[in-house]
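Some structures are shown below for you to check.
Below are two complexes that have chain A in common, paired first with chain B and then with chain C.
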Partner chain A sequence: MTGQAHAAPREEAPPIEAPREIPPDWEPSILAFACHYCAFAAADLAGVMRLSYAPNVKIIRLPCTGKLDHSYVLRAFERGVDGLFVAG
Partner chain B sequence: MNTTQTSTKRGSVLIAGGGIGGMQAALDLADSGFKVHLVTRDSSIGGTMAMLDKTFPTGDCSMCMISPKMVEVGRHPNIVLHTLAEVTGVTGEAGNFAVTVHQKPRYVIAERCTGCGACEKKCPKLVVSGFEQGLSKRKAIYALLPQAVPNTRVIDADNCLYFQRGRCKACQKFCETNAIDFEDQGRDLELAVGAVILSPGLARYNPTIRPELGFGRWPNVVTSIQFERILSASGPFMGEIKRPSDMRHPRKIAWIQCVGSRDPHKANPWCSSVCCMYATKQAVIAREHDGAVQPTIFYMEMRAFGKDFDKYVDRARNQYGVTYRRTMISDVKEEAGTGNLVLRYAADDGTLVNEVFDLVVLSIGFQPHADAPQFAATFGIAENLHGFAATGHFTPVETSRPGVYVTGTYQGPKDIPETVAQGSAVAGRSMALLGEARGTEITTPELPPEVDVTGAEPRIGVFVCHCGINIASTVNVKQVAAEMGAQPNVAVSEDLIYACAPDGQAKIKALIAQHGLNRVVVASCTPRTHAPLFQDTIREAGLNKYLFELADIREQCSWCHMGQKAVATAKATEIVRMNVAKARLLQPVTTDSVDVTPAAMVIGGGVAGMVTSLALADQGFAVHLVEREARLGGLAAGVHRTLDGSDVQAFVRDKIAAVGAHPKITVHCQAEVDSTGGFVGNFKTTLTDGAAFDHGAIVVATGGTEYTPTEYGYGEDPRVITQRELEKRLAAGLDPARTHFLMIQCVGSREEPANYCSRVCCQDAIKNAIAIKEKAPNAQVTILYRDIRTYGLREDYYRRARELGVLFLHFEPERKPQVAPDGERMRVTAFDTVLGREVEFFPNLVVLSTGLRPHPASEKIGRQYKLTRNADGYFLEAHVKLRPVDFPSEGLYVAGLAHAPKNLDETVSQALAAAGRAGVLLSHDKLGVSGIISKHNRDICMSCLACFRVCPFGSPFIDEDGKVSHNEVICTGCGICAGICPAKAFQVNCFRDDQIHAMIDAATENIA
Partner chain C sequence: MIVGEQKPIEELWESIKGHQKVLVFGCNTCVAVCQQGGNKEAEILASLLRMKATQEGVEMEIQDSGIERQCEHEFFEKAEGRIQWADAVLSTACGIGVQFMAEKYAKPVYPGLNTTFLGAVEKLGHYVERCQACGQCILAATGGICPIARCAKRLLNGPCGGSTKGHCEINKDVPCAWQLIVDRLQQLNLMERYEDLAPIKNWSTDRAGGPRKLVREDVQL
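What follows is the complex of A and B.
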């Protein structure tokens, strides 16, 4: 992709979007990818111990974090998540 | 079952003790077709290992390792758990025992209990928790630990308000499945089994016997097992390091070693084998938890004798700033007002020092349970001098009663991997004893044919579980179910009080039939423990068990968002929606199986190889034993006696004769492996002598060699010899009278280039020293050492040597002894750290305790089979703690010195373990392939070899056409190949990219 960009330079590169102001009541939406054997088990243990944490994180179970694919990361950000947590 | 046929052997085994050793034996036996009765006196299996935070030397989380095994034991169709139970009598003989068991009342009906824990929450009575070592409280109805197996609570009648005062019954009131039974009387069982395995585990020394150390008096003096709980994330302080008196964070922490060990007067005479290492681990982990902690370990001798242990201690010292002080603490006093503790000790220069610590940890040792004599009498076995099960040096897992085997710390103090190895060893011994009865007492359930769902539109059933009030008090379960009912492809969506209870499962099955469901989503608890249960449920209803998804809305939602009903309900809805999205794309998975050749190849004809071969052949498997030398025997052929005086030569001769006479064993001497092809269950090997054969398993027992020293003038002066040469001379009748023998330890060990303990040399030196002094009391023996590592029950011989007048002198590696000829004698000078000056000796003979090295052949074998070796050249096992004799590659096992230096009894244990593990594999006619594996699409694969390089198991391989193929038999489904494959030619069943993408899309549906 970078190769193409160099081959046919546009007249003017689009301006880089300035970071937006973060509203004070903003809550990020976080997606986690967790290994079945360790991090997913740790998330279970947090529940067993009744540890309280913010509800805006959802976990997708993988057989191993080695299974993580770049397409998952890109798709998640494309779809608007604010942060990814990969644990294993 | 026909109990009248007393002449035939039973296909079942009783295991007494539910710790890691018993669990390993249970799984090995159950996996190879034996019925197992696992009897434990606790309310849950898990034993001591379940109490530990981390394990040495890798720092792995103990619970993370043992919990999946506990679940596996709890769910295994061939294992029956008898908790809160004890064996009361054993009659009969090997192959056919009648065992009586008394089970105490649990007061909770396991068949009805769903493990939801509502009773525990409502119980008003607080009791000091024994599991948490008195550091926190539990309820009168409780689970031993959060991950208890079985997950049925138990009522502690001694503390229950109803039992003590006749009123309360809160648990009964709030139990929605009516599982509480105050009338439970317990029961007596009679079991008929073929073999008995003892794995009762250990008790710990009670440190109040030594009041000078202040335990029980000063609150900030804790035991090592208390500190283990303090470190644990699920412990009383949730992993935060605090001290009991004021909950402050301690900075200076002292460990006092050998509390209750190596002291025949006020404690136990033996060494507990593990305390040096667990103290080091605790110090390291404490530093990791809190960088301000300054650990000091006060010790007599650093016994880091195991594989990679010395390197771990070096790391603790150099990277974690752990201070090691070789001095004993005589007493601990509390400083008035601060709660701090004053330790008085002799510094290196001999001056007395008072040092103040915030917290003191007593490294308490192991001992047999208080009722060990009764236990031994019940099983009719002999005890040794110290109350452990008596075993022979060459028969380390056999008790005095045939058919009764022992594993773990009841055989002598030992660590986790040795216990696990012995667990597999006793399983192997039982398999050899009961081989012909394999498969006779297990049942396989009849299942209906699977419904063909190919091409059918998904019809998903969603079941949202209340889990009593566990989920329903936080999540609006009915609302979640209603919302799911509106999702595309969802044919039915209902809520259930307990999805996992029998009525819940019956309802799921009924609705599958009624609505023609072809996918099922249950929203309840964690898939880690409950997915297999529901998978079985839908399979019984005719659905392929991979058409199932479990949405975790309890552990990962209701339990961590209590009191936030709206947000928790919204989150639960999203979680279930993600799983429904995935379920829409689920496909049935068919699992293949391959044949297994019931034969093994054992590489190496030393003790490890011979014992493995015999144990496998006794199980009925053909064995090819390959030895590169002209004759069998290996390194042990040069050893005459063991530390306890057993005759090694006779043992080796017996084994060589037995191997030669066994009809199932083919010996290939003066031969090496030329090539091996194939995979687990189906290897084909050609030897250098042309012999070729098929086999299902490979045991690598390539052994070791003795180091030939270049130090201290060896080879230049004939008066400098090795321990082995001395042993040979003593065996040949050397008269030691009026001779001075000076022994130097750690020659070629514990320093570069061989920076590890060879484990056997201390025993060798003490063995020869005792032999000399017993033969000629007027002979003089001096041993110059760094640490005397007579671990476990070997400590008896160290004491015996001292009693016989053997002189021990400690030296530091920086100031090694100097050896030079001096007329008719040798002159040895050494720096005495106690006297603080040089001392001279004039021995007749200088005897060097030389270390062990891996056999040079192991390098080639490692290359041939792609087996990793550690920095010192010893083979790396699949898992340091729980898979000590397996290689990561399926179908390959390791035993003996090829794995690490060890003593002969340990080699025998490990060899029996390798035979047990290989026996589990070879006992199957067919090897089932797991469902969750990576599937390879050859049509789009570019054979870039990315997968080939990253797969830890060697599943992708270069096929005959030069392109990549994938061996699904050895695939574990980790998906590393799928992650790295640029063409996406690998997809893992149930974790396919389209399924994960669908989950991401569902998770982000509501993001603006």
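What follows is the complex of A and C.
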């Protein structure tokens, strides 16, 4: 790119969104995308070993993290997930 | 291919914010190559705009769809339902596709991209201008390097005095088109062509002659 086609610089910077106050009992909702062959197997093993992990983490198994798509990530955020964990 | 660059989300939001049902409509040929306006990018853009609508507290439905080319009637058929559903369309085609679609449908069609130039993929993520569609190709005389598209002054007999160490005076990162032409003619052992003076170019085939049109009666149905 020539760098000439960018939008003209703004005259004033956009207002910065004030961070909302976080309630003390708030827990982020985390979605984990895990590869079937490694990370998901590890999570499975953790289950077999009766290890517990935080209930605000939900796991989705992918055949490979290469299957992860932009749209999965964006759809998760659209539906209110606070963070993603991709493991593979 | 035609290279485009997606407009900032804020600008797109300003275009669509007054509508209830918006279709983000991709064009999966040229602008998909530079990963700016293809069906995939339309899907991503629709998602970003839905989040923007949520943040702004605006009730609106935003869907995405796309076709292979928005500059030909035939391709629109399969997306007809989605297009009819929408109040407004945000097209991520080049300016040609946006206009073509706007002529076809009696609803607002907004551009999602800034159409940038006609270019080539030099390497992944690197798109460079190579042609200005001047309507009268002179590449045969210039060793296959276009001074119209690549020389800042569009010189037909160059280089000018601003050529320094093979680069243009406008920017040291821009190679001098005429230096490239000379190098190429030397490589091809055709330097005698460099001595030929190019005649004055007929610019009526360029934009100077107004909007252009090509009619092929032999291929019409």
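The rule is simple: the second predicted complex is superposed on the first by the 74 of 88 C-alpha atoms of A that agree within 3 Å, B and C clash if a C-alpha of one lies under 4 Å from a C-alpha of the other, contacts with A are read in each partner's own complex, and residues count from 1 in each chain.
Here, contacts are C-beta pairs under 8 Å (C-beta built on N, C-alpha and C of every residue); 3 or more make two chains touch, one makes a residue touch a chain.
What you see is a predicted model; the values in this text were computed from it and never measured.
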| query | Which of the two, chain B or chain C, is in touch with more residues of chain A? | reply | B
| First (chain B), second (chain C), both or neither: which does A:71 touch? | both
| request: Mind working out whether A:18 is in touch with chain B, chain C, both or neither, as first, second, both or neither? | output: neither
| request: Tell me which partner A:37 touches in the superposition: chain B (first), chain C (second), both or neither. | output: first
| Counting only touches as set out at the top, which of chain B and chain C does A:29 meet: first, second, both, neither? | first
| message | So chain A touches chain B in one structure and chain C in the other; where do those two contact lists coincide? | response | 71, 75
| task | Spell out the part of chain A that touches chain C in their complex, as residue ranges. | result | 1-2, 5-7, 14, 70-71, 74-75, 77-78
| task | Enumerate the contact residues on chain A facing chain B in the complex. | result | 29, 31, 36-38, 40-41, 43-53, 55, 58-64, 66-69, 71-72, 75-76, 79-81
| note | Interface with chain A, chain C side, in the complex: residues 5, 7-8, 10-11, 40, 43-44, 47-48, 50-51, 54, 114, 116, 126-127, 129
| said: For a test of understanding, state which residues of chain B touch chain A in their complex under the given definition. | reply: 61, 63-64, 67-68, 146-147, 233-234, 238, 526-528, 552, 554-562, 564, 567-568, 570-571, 574-575, 578, 932, 950, 973-976, 978-980, 988, 991, 993, 996-997, 999-1001, 1003-1004, 1007-1008
